[in-house]
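What follows is a set of notes on a single structure, which appears directly below.
Order of writing sets the chain letters: A, B, C and D. Residues in each chain are counted from 1.
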Amino acid sequence: MTMQTPTKPAKKPVGPIRGFFKGISSLLKGMGVTFKYFVHPSTVVTQQYPENRETLKMPDRARIRLSMPHDENGYHKCTGCHICEDACPNRSITVVDRKNATTKRQEIDHFIWRMDSCTFCNLCVVVCPFTALKMHGDFENSVYDRRLLIYNLNRYAGPAAPALAKIEDPEERKRNIDERGVYSGLIPMNGSAIAGVRACGKPPESEKVRVTEDDIKGESP
Amino acid sequence: MTIAIRTLEDLTRPSATPDSPLATQEYFVNMGPQHPSTHGVLKLLLKLDGETVREVIPVLGYVHRGMEKVGEHLGYRQFVHMSDRMDYLSALMNNWAVSRAVETAMKIETNERIETIRTIMAELQRIQSHQLWWGVFGMDLGAFTPFLYGFRDREHVTDILEKTTGARLTMNYIQPGGLMFDLHPDFQKEVKEFIAYFRPKLKEYETLFSENVIVHKRVKGVGVLDAKTAISIGTTGPVLRASGVDYDLRKREPYGMYSKVKFEVALGTTGDTWDRYQVRIEEMKQSLSIIEQLIDNIPEGKTMLMKPGAKIKPPEGISYSHMETARGVLGIMLVSDGKDHRPYRIHLRTPNYNNIWSITHTAPGWRIADLVAILSSLDIVVPDMDR
Amino acid sequence: METQVLSSAVLAIDSKAQLRDKTDRLTVTIPVEALFTFLSKLNTDSSLAFDMLCAHTAIDWIAEQRFEMVYELYSTTHSHAMRVTTSVPRENTVVPSVSSLWRIAEWQEREVYDMFGILYENHPDLRRVLLDDGWQGFPLRKDYKDDYLLERPE
Amino acid sequence: MNETTVWQVKTIAQRAQEALPDSVWLSAGYIALGLVGAGAFVALLGMVLIYAERKIAAHFQCRMGPMRVGWHGILQSIADTLKLLLKEDIVPENADKLLHLIAPFLCLLGALLTIAVLPMSPTLQVADVNIGVLYISAVSGLGVLGLLVAGWSSNNKWSLIGAMRAGAQIVSYELSATLALLVVVLLSGTLQLSKIVESQAQGWWIWRAHGVGIVSFIIFLIASVAEINRTPFDIAEGESELTAGFHTEYSGMRFAFFFLAEFINMFIVSAVCSTLFLGGWMPFHIGNLAGFNGIMDLIPPGLWFAGKTSFIIFLIMWFRWTFPRLRVDQLMKLEWKLLLPIGFVNLFAAAVIVLYNLYFFPK
């Protein structure tokens, strides 16, 4: 294979005197580059982060936090089918399901997502056949205790939105649904289990109910 | 026959006291794992004679995460996102390498749209990686400003990639059988803007740094790696090409759309640090031209050919496929027993693990400052080395 | 070189070499006794000139009680590639070192020793590379166990 | 000679001496003013220079620099000082404790002593030693002692390498710096700094002496940048090579002293440079253009000095944020094979100029 060699064009050897002045001029040229930026403050690229909160917009596809969108009625689309749980490479998702008392069908009880072990690979979102999950760009998630990074994503336990829509009586619908905010039970962590960890529900986007650290301190041994 | 297993201690016994009182005694210094120019947690055990390096012993494994063992426990699709975490500066190329390995094993043909997008993404990532390298190289030579200029320009690529892939570093975008998402509608426009922005910046890189007489003094003729040794000692990528070996998998075994675009393989002549520098600068230019050729010609088509939830179960046997990442050849050896949806064994031949050893050949005889320059010119990423 | 020509040329080197079928590239299996001479022929023969050792690793076939050693070779002058495999029993894992043929083998073999406990004859510097010198066991063996190993739940 | 160019030079030491017959206390007060003033000046200057360096560096690099503490981060240096004061002062276990503790002070001492003789304006000078130039080149050499002691006492190989580099580098470059200073001494015929300034009333030495001044100015600038260990000659710290060189093992306030000493040294070399080559506090005059010279005289001499010094400080910072670092052997080559011979030739040329009185605007 013959190919040109773009690097290293043959150069004539430079004499010491010319080399000296060439060297000096190369240094001055370099100083010119930096000076150009010095006198043009418009080239500054620094973002002043907490001040620019209003204008800072994350891309639509930003994969920073997993959420389960709830529609205007407050219904989600999760059926508790465990597909996302299987797809998760490091078991950050635990789906706790239950049997509906009347329909005898499987439905979601708790959807637990561990942000502390999540790698944000997006596979759960991709594999979900009901598009019940979504990644969004809310990046201010820092907490002082890693247990606060365990989220319960569904706000109610019960059938998914399409199944609920079939039930016409609002009272009947209400009876099928149990409120869910937090989860306190076993949370498998890569094969082992930590008992007594309280999961913290953080409703996506709109209502930000954050469990404070006092809540955790009160309950942990 | 008994085979002696050595330990690091065996190598670091202090040398005998010198015969003449004027001769200096050689001594050992740990360079790393916490050292500004070992780019993470690489440790180099140096045997020094004053300022001169006599021997370099790389000590690896500070970020060893057992990727290959983990790989035996993950599905093929799940393993793709692990590859992000090896060479995080060419995450998309690693994704592609794993996906291509799976596709080769499964004998899946992808369409042109997927391959074109993959090629553009890979080249963007190559530029991004080299931008960061350029900055870091400058910093290792003692100039701090190139570091920030490199990062400033890298930010543009990162923003473009983030818009489409949703992540800035560990993208997990290229999947076996296609892509995770389609392109973002703004992608083509932004890439064109970036090319227009970056061309003049590359010239500026040269005025600021490449033409600087101090840089020439520091890197020309330093750390020469001749072609024969370079091949034998396992280097690939820009390091090997700087030694004048025309080995670029994009040309040799074209994958993606590389057979359909025009580009030149940047080659060095002597294999010194300056050549490695020049090769990478030239590669950025070539990548820009590759992207330019492809960006307006993205054909229509599906972007995912497999059901995202489908289990992948390749037929029994070994399959090896490799690909040119920003640092060299990433080879993925998949061994399937044909029964499980997880690989029986996955071997990762990473470019950095094979490149780093060349420093034991090139650095001795040079000074500490040169060692830093040579190490930087290898463009190491430690997690890729340690897996 | 065409694959056909190459395979006949390679097989002509040693009568014990066997061609494997159903592989993604030319694969030759050779007994471990003949491995070193075979590989050195591949390296030095000017018509073959496999000057690049792309990858070297082992596979633990625990059901068959053997390790399969894999050498991925490539020739930069002739642009052809092949794979050489050999088997060693799990009880006696001694393989000749090829670090005199390809310098990178020295470190690739160290990695294989580190992960599989394969011992290499005539290796210049056989010690662990990624793991600590005092590490017990060889993690990539299928029967490896340690106290911190988490089993992934099915 | 124009009326306005006659300057009344009066140092604080002179004032103390004059006050002595009248009142011992006034004299003591002047001495205290000199001491405290110099100390406070050093502390304040350090903070200002660190802030300036950070801001200038930021704008060279398309950044903003400190923006949080105060308006545009103007109080950042105070916050940093507070932080460094409160930080734990770690002494390595096997270090030579005494030497490890005094090294930073040795470093700062050299800097402090030099401040005393700098003529910042006709009335603002602590002491006017009649061998000023000699004194400066002697005292500024003290700094290297601090670096060597710091590197040696830390009991760290990186520190030791850094200290040895610093020693070799500073001692070599002092030769060139002194040669360059000698040129000015030859031209002005005095070692006293205030006299040197006054001798430049007709024109600054940098351009009054047929190029000899410029050459020695450049030599002095390069040599002094090397002497104060700044990029492109910062091999003693060599962040990417030696982690932090001689001060690897220092933390808290002791580290701050090294830092302060570095910045004060930068100020000193700039001040010496402007005093010797750019006329110190002397305003910029052009020949007999009385009107122009009159306007220039309106600017107070202290401001002239500050402006010239700031310009050279900016130049040194500009070097730092543009250039990579030289290798240790290249550094030595530059000194012994390039700067020193040029310095000697330059000195010879200066002697010729003085002998035959070939200045521009001769007396």
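Everything below uses one rule, namely that a residue touches a chain if its C-beta (ideal position, glycine included) is under 8 Å from a C-beta of that chain, and two chains touch if they have at least 3 such contacts.
What you see is a predicted model; the values in this text were computed from it and never measured.
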| item | value |
| --- | --- |
| Distance-to-centre winner among chains (Cα means, whole assembly as reference) | B |
| B-C against B-D, pair bridged by the larger set of C-beta contacts | B-C |
| Reference subunit A; chain at largest CA-centroid distance | D |
| Distance between chain centroids, defined by C-alpha means - subunit A, subunit C (Å) | 42 |
| Between subunit C and subunit D, centroid-to-centroid distance (C-alpha), Å | 64 |
| Euclidean distance of C-alpha centroids - subunit B vs subunit C, Å | 24 |
| Subunit B and subunit D: spacing of chain centres that average the CA atoms, whole Å | 45 |
| Residues of subunit B whose C-beta touches two or more other chains | 145, 152, 208-209, 212, 214 |
| Touching two or more other chains - residues of subunit C | 152 |
| Shared-contact residues (touching 2 or more other chains) in subunit D | 60-63, 321-323 |
| Residues of subunit D that touch subunit A when the two form their complex | 56, 58-64, 67, 318-319, 321-323 |
| Interfacial residue positions of subunit A with respect to subunit B in the complex | 1, 3-8, 22-24, 26-27, 29-30, 32-34, 45, 59, 61-63, 83, 87, 89, 119-123, 126-127, 129, 135 |
| Residues of subunit A touching subunit D in the complex | 27, 30-31, 33-35, 37-38, 41, 43-46, 48 |
| Of all residues in subunit B, those that touch subunit D in their complex | 27, 29, 35-37, 51, 138-145, 148-149, 152, 208-209, 212, 214-215, 217-218, 367-370, 372 |
| Residues of subunit B touching subunit C in the complex | 1, 3-11, 60-61, 64, 66, 68-69, 73, 104-105, 228-229, 231-234, 245, 247, 252, 317-322, 329, 331, 333, 335, 344-345, 347, 349, 353-354, 357, 361, 386-387 |
